[in-house]
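Pasting a structure below so you can have a look.
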Amino acid sequence: MGKQRVAIVGIGQTHHTAVRGDVSIAGLVREAAQRALDDAQMSWADIDAVVIGKAPDFFEGVMMPELYLADALGAVGKPMFRVHTAGSVGGSTAIVAQDLVAAGIHERVLTVAFEKQSESEAMWALSMKIPFQPPMHAGAGGYFAPHIRGYMQRSGAPDHIGILVALKDRQNALKNPYAHLHEHDITFDSVKDSMMLWDPIRYSETCPSSDGACALVITNEKGGDAAAAAGRPPAWVKGTAFRSEPTMFAGRDQVNPVGGTECARDVYAQAGITDPRKQIDVVEMYVPFSWFEPMWLENLLFAEEGQGWKMVEDGATQMDGDLPVNCSGGVLSSNPIGASGMLRFGEAAMQVRGQAGEHQIDGARTALGHAYGGGSQFFAMWIVGADKPDS
Amino acid sequence: MSEITLPARLDDLEMVKSIRTPARLEYDYMPGAAPSRFLQGVAQKRLLGQRCPVCRKVYVPARGCCPTDGVPTEEEVELPHVGTVTSFCVVNVQFYGQVMELPYVSALILLDGSDIPLMHLIQEVDAREVHMGQRVEAVWVPDDEIGPTLESIKYFRPTGEPDAAWDTYKDNV
Amino acid sequence: MADGELLTAELIIEYPFSRTTGPVIGAFFTALREGFIVGIKASDGRVLVPPFEYDPITSESLTEMVEVGDAGEVVTWAWVNDPLEGQPFDRPFAFALIKLDGADTPMLHAVDVADESAMSTGMRVQARWRAEREGHINDIECFAPVDGGAS
Amino acid sequence: MRDVAIISLGQTDHARERNDVNDVEMLMPVLADAMKAANITKDRVDFVCSGSSDYLAGQGFSFVTTLDAFGPWPPISESHVDMDGAWALYEAWVKMQSGHADISLIYAYGRSSPGDIRRVMSRQLDPYYTAPLWADPVSLAALQARAGLEAGSFTEEQMAEVVAASRRNAKANPHAQLSGDAEAKALLDEDYFVSPLHKHDCPPITDGAACVIIAAGDVARELSDRPAWIRGFDHRIEPNALGVRDLTTSVSTRQAADKAQVAAGGVDVAEIHAPFSHQELILRDALGLGDDVSINPSGGALAANPIMAAGLIRLGEAAARIGRGEADRALGHATSGVCLQQNLVCVLEGE
C-alpha cells in the first residue's frame, strides 16, 4: 500500500475572542468545522473520520469532551479520535489526521482543535496547586521567563527584540479578520511601556486567552487533484514530524531544545529542504511570548545559534522580509490553546493555497507550520507546499 | 448559523445565555515512593537527591526515575542548602490563588552537587539585584512549621559569596 | 527517618464553571425558568427532548423548537440507594429516562418515590418544579408519579 | 496494509489502590517487562504513544511527566491520546502503515482510587443537561441493564454467569484483582447496589497500567516466535445522548466488527472490554460471537479495570493467546464513554 500523497482542501476557523458568549462548546467547534467543510465544498456525509484535539479537559471542565462532541462534528457511525499533547496538540492532531490519509485508511478526514477558555480561567487551569509541590509562583509566564533571560544572556540580544516581535505580530493581526487582538493604536512605545509582568516579559509581549477553534479537511491525492481541477488549489503535505523530550533533566537546554531541532531536521529532510531560510517562503511559528520568535528561528535552523534576534532586528521576519513569520498575527494575537497549533498549521496551508487575504505573502509556495507544548518539550511540525510532492 | 424557530411561549422573553455548573472533586493525592522519601527528608531539614545508575546525574527533588534513561534511581545523595541562581524572573502580576507581595523573584536554583535546578523564591534582596550566577542559601520556616513540603524552605537569599563562574552553571541555563 | 512512610494529601479541583449555551440549549433553559419544557424537531420528524443542537443521525443543524408536556412515561430506571454528592437527592431515588408527552426521545432526570417498589417501567410521572428558577436543569426538582396514572 | 503485529504485553498486578508508587514509578517496571518480553531496548523504539486522562489523575497535563518512565532521550517521536490505550495502539498502527516506524511502544495507565471515581466520571457527560445532575456511570449502566432485561435481551441469571465466569477465568491470571469460585446462584442472592445492578456486576476500582509493543513485518518475526498479526482494526462512535440510542444493543460495535471483518473467519478467543456484566452480553451479540468462542479468559474488566488501560490490556491479552499458540484468530475489543458510546475492534491472527 505504501504512503499516499495528502492534501489540505478545506480550512476553517472561528473569530477568536475572549468570550464567545453566543455559542455552546459544540457550537464553537462546529463553526470552524462547517467553514472547513464549506471551503472544501463537502458535506458532513463526505467525511470518513474525525480527529479532535484540545489541551487539558480542565479548561472546560468536561472529561473527554469528544464524546459529547460526536454529534456536532458529524462523527456518529464513524471513527473519532482525540489527541492531547499539551500546547502542541493542535499540530499533533493535524498530523494524526493526515496519517490516516497517508496510510490509505481514509480518503477524507475532518480534523478540529479548540479551546473555550472562558468556561473557566486559563490561570486557574494552568496553576492548580498540587500538594507537596512548591506552588507555580508565577504561572506560564513565570515558567518561561527564565528561559528567555537565559537566551538574552547567551545571545547578547538587546531588550527591544521582544518588543519588535510583539509589534510585528499585532500589526499583522490587523490584516487577519479572525484574530482576537486588533490593536489599531499599537506602537513600539506602547509595547515598551506596557506593564512588565514577568520580567523580562511585558504585558504586550504575551498571548491573550481566547475562545476559538480551527478545522481542516484533509484528503488523499484524488481529493487534492479534484480540488485543484475545480480551481481550489490544495496545500500538499510535504513532511510531518513529532518530537518529545523530558520536561526536566540534567543539562537540558530549554532555550534551544534538542527535540525542536531534531523535529525540524526530520521534517525538512522529508520535504527535501536543505537550506530552510531560502527554501521556505513563510512560517507560522508557535510564539506565545514574543521572545520565542528569535529562539525558534535558531532552533528551527533559520539562523545560527545566537543570531536569531538579528533576523528580527533586520526585519527579515516582517511580511516584506525574506522569511515572513506569523503573518496571521500568530499566538500573540489569538490563543485558543488547544487550537493554536492547528491554526499555525492551517495558516501555513492558507499561504500556499493563496487564500490568506490581506496577510497573504505573494507567491508563497512552501510553508512551515510549527507548534510546541509543555515546557518547550513537545514539538509538532509540517511542511506544506503548493506543488504536489514527488513521492 | 441557521435561524432557530421558537414556540410562541418563548417570544419576547429574555433568553438564558449561560448557566452555572460549579464542580468540586476531591482526590487523595499520592506523590509516590521517592518523592515521599524526599519530602520526609525535607521535614527533617535534609535535601535528599538521587543519582541515576546510568548517567550518574543527581536529581533533586528525588523523583525515583531518571527522565533520560527511564530507569529507577536509588542511590541517595544528601545535598547542601546552598546553590547558584541559573536564571530567574521578576513577577509583577497577581493571579488566581496567589498570595505573594509584588514584585517578587522566582528563580531556578542549582544546589551544589545537584545536576538540575529547582524553582523557588529569592527574598531578602531587592528584586533588581537578583542576577544569574548569584550564590544563594535556603531560609527555612521556623522548626515548628517544618513539614514534608518544599514550602518548608521559605525562600532562598543571597549568601554574599562571589558569583559562580558561568561555566559552572551554563549547562543549566 | 522512617522508611517507606508514604505521604498522601487532599487535592481539590474546584471551579464555578460558567457555560454559555448558544440559542438551542438557551431556549430549553429559558423555558425551564418559565416552567415549561421544549424540544426540537430532528431530520426524521422526531421531537428530541432535551433539544440537541445537531441531528444525531445526519449531523445537520436543528432549528425547529416545539413545546412538549411536562409529564410522561418512564422508559427505564435505576434505583440509587446511596446517592452521591451533587445528585438530585441525598436520600434514595431513581434516575430515569423519561419520555415526555409529545416527545419521541426520553430525557434523564430523577424520580422521587418512597422506595424502589413504587418504581416501574411505563409509569407516568410529572415534573415537580422548583419555586425559584434560574434556567438550569435543576429547575425541575425531580419527576414524581402522577396520581392515578397508569403503571 | 502493512503487516503489523502485537509482540508483547506488560501490565501491573492490578490492585484497589497503588499509593506506594506514583504514575512514573508504576509504569517503569511495566515498560521494562514489555521491552524485555520483546527482546528490545528503548533505542529500538521508533514511536511511542500513550493513553491517559487528566481527570483521573486530578492534574492537568498529567501525561507530561509520566513520559519520563520511558526515558525519552535523545528526543523521540511521540504522541498522546486522552482515550483508552487501545486507541493509542490504533494511532501507532496508523503511523506504522505510512512507513514512519517499525517498532512502536504503547502504554496506558489510570487510577480509580484517588477520587470518587463515579463522581469523577460524571464529568464525561454532556455539560448542560446531565453532568449538572451528577449522574454517574454506574447509575447509567443500571438504566441500560434494565432496558436490556425488560426488552428480553438477557436475564439476570446470564449477568451473574458472566461474573462467575470472569472470576473463574481470572484464577489463571496473575495480574487480576478479583478472582475465585463464585456461583451464579449465590451472586444473585446478594443485595442490589444500584438496582438492577449488584456490586459484582460493576467493575472493581483499580489502579494499574499496561504496555504493548507492536512491530512491522520481518522485525516482528525477528522479535517474536509467533507474532499476533493485526488483520482488522476499526472503531466507531455513537450519538452522545442516551435518549437517542438503543441501549440494548451496540450499533457502533457492530459497525466496527463489520469493518474489521470479524465474521470473515472463526474467532477462537475474544477479549471484550465490558466494564459491566450486562455489557458483555450486549457486546457478544454485537460481535456475533457464538458459544464456541472463549470469552475473556483473562477475566476481563470485571476482574481488573484500570481505566484508560483496560481496553489496551484486552488487545494485549488476545494477542498473548496467539503468541502462546492457544489461538489462531483472536479478537480484542475496547470501549469508551457512557454505556458503550464508542467501541474499537481488533482482529489478530497467528501464522
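A, B, C and D label the chains in the order they appear, each numbered from 1.
Definition applied: a contact is a pair of C-beta atoms (placed from the backbone, for glycine too) under 8 Å apart; a residue touches a chain by one contact, two chains touch by 3 or more.
In this text, all values refer to a predicted model and were calculated from it rather than measured experimentally.
The chains in contact with subunit A and with subunit C alike are B, D. If you take subunit B and subunit C together, the chains in touch with both are A, D.
The greater number of contacting C-beta pairs, out of the two interfaces C-D and B-D, is seen for C-D.
A separation of 28 Å divides the Cα centre of subunit A from that of subunit B.
Chain geometry summary: the mean Cα position of subunit B and that of subunit D are 36 Å apart. Each chain gets a centre from the mean of its Cα atoms; for subunit A and subunit D, those two points are 33 Å apart. For subunit C, residues touching at least two other chains, in rising order: 6-11, 13, 15, 17-21, 23-25, 29, 52, 56, 61, 136.
The multi-chain contact residues of subunit D, meaning those touching 2 or more other chains, are 19-20, 58-59, 68, 71-73, 114, 116, 119-120, 123, 127-128, 131-132, 239, 241.
Residue numbers of subunit B whose C-beta contacts span two or more other chains: 1, 17-19, 21, 23, 25-33, 35, 39, 66-68, 148. Put simply, subunit A touches subunit B in their complex at residues 21-22, 27, 31, 61, 121, 123-124, 127, 129-135, 137-139, 141-142, 145-147, 149-150, 153-154, 195-201, 246-253, 255. Looking at the complex, you find that subunit D touches subunit B at residues 19-25, 28, 31, 42, 58, 68-73, 113-116, 119-120, 123, 127-128, 131-132.
By the touch rule above, subunit A contacts subunit C in their complex via residues 19-27, 30, 44-45, 58, 60-61, 71-74, 76, 118-121, 124, 128, 130-132. The touching residues of subunit B, when paired with subunit D in their complex, are 19, 21, 23, 25-35, 63-72. Here subunit C touches subunit D in the complex through residues 6, 8, 11, 13, 17, 19, 21, 25, 28-29, 48-50, 52, 56, 75-81, 84-88, 95-97, 105-110, 116, 121, 136-138, going by the rule given at the top.
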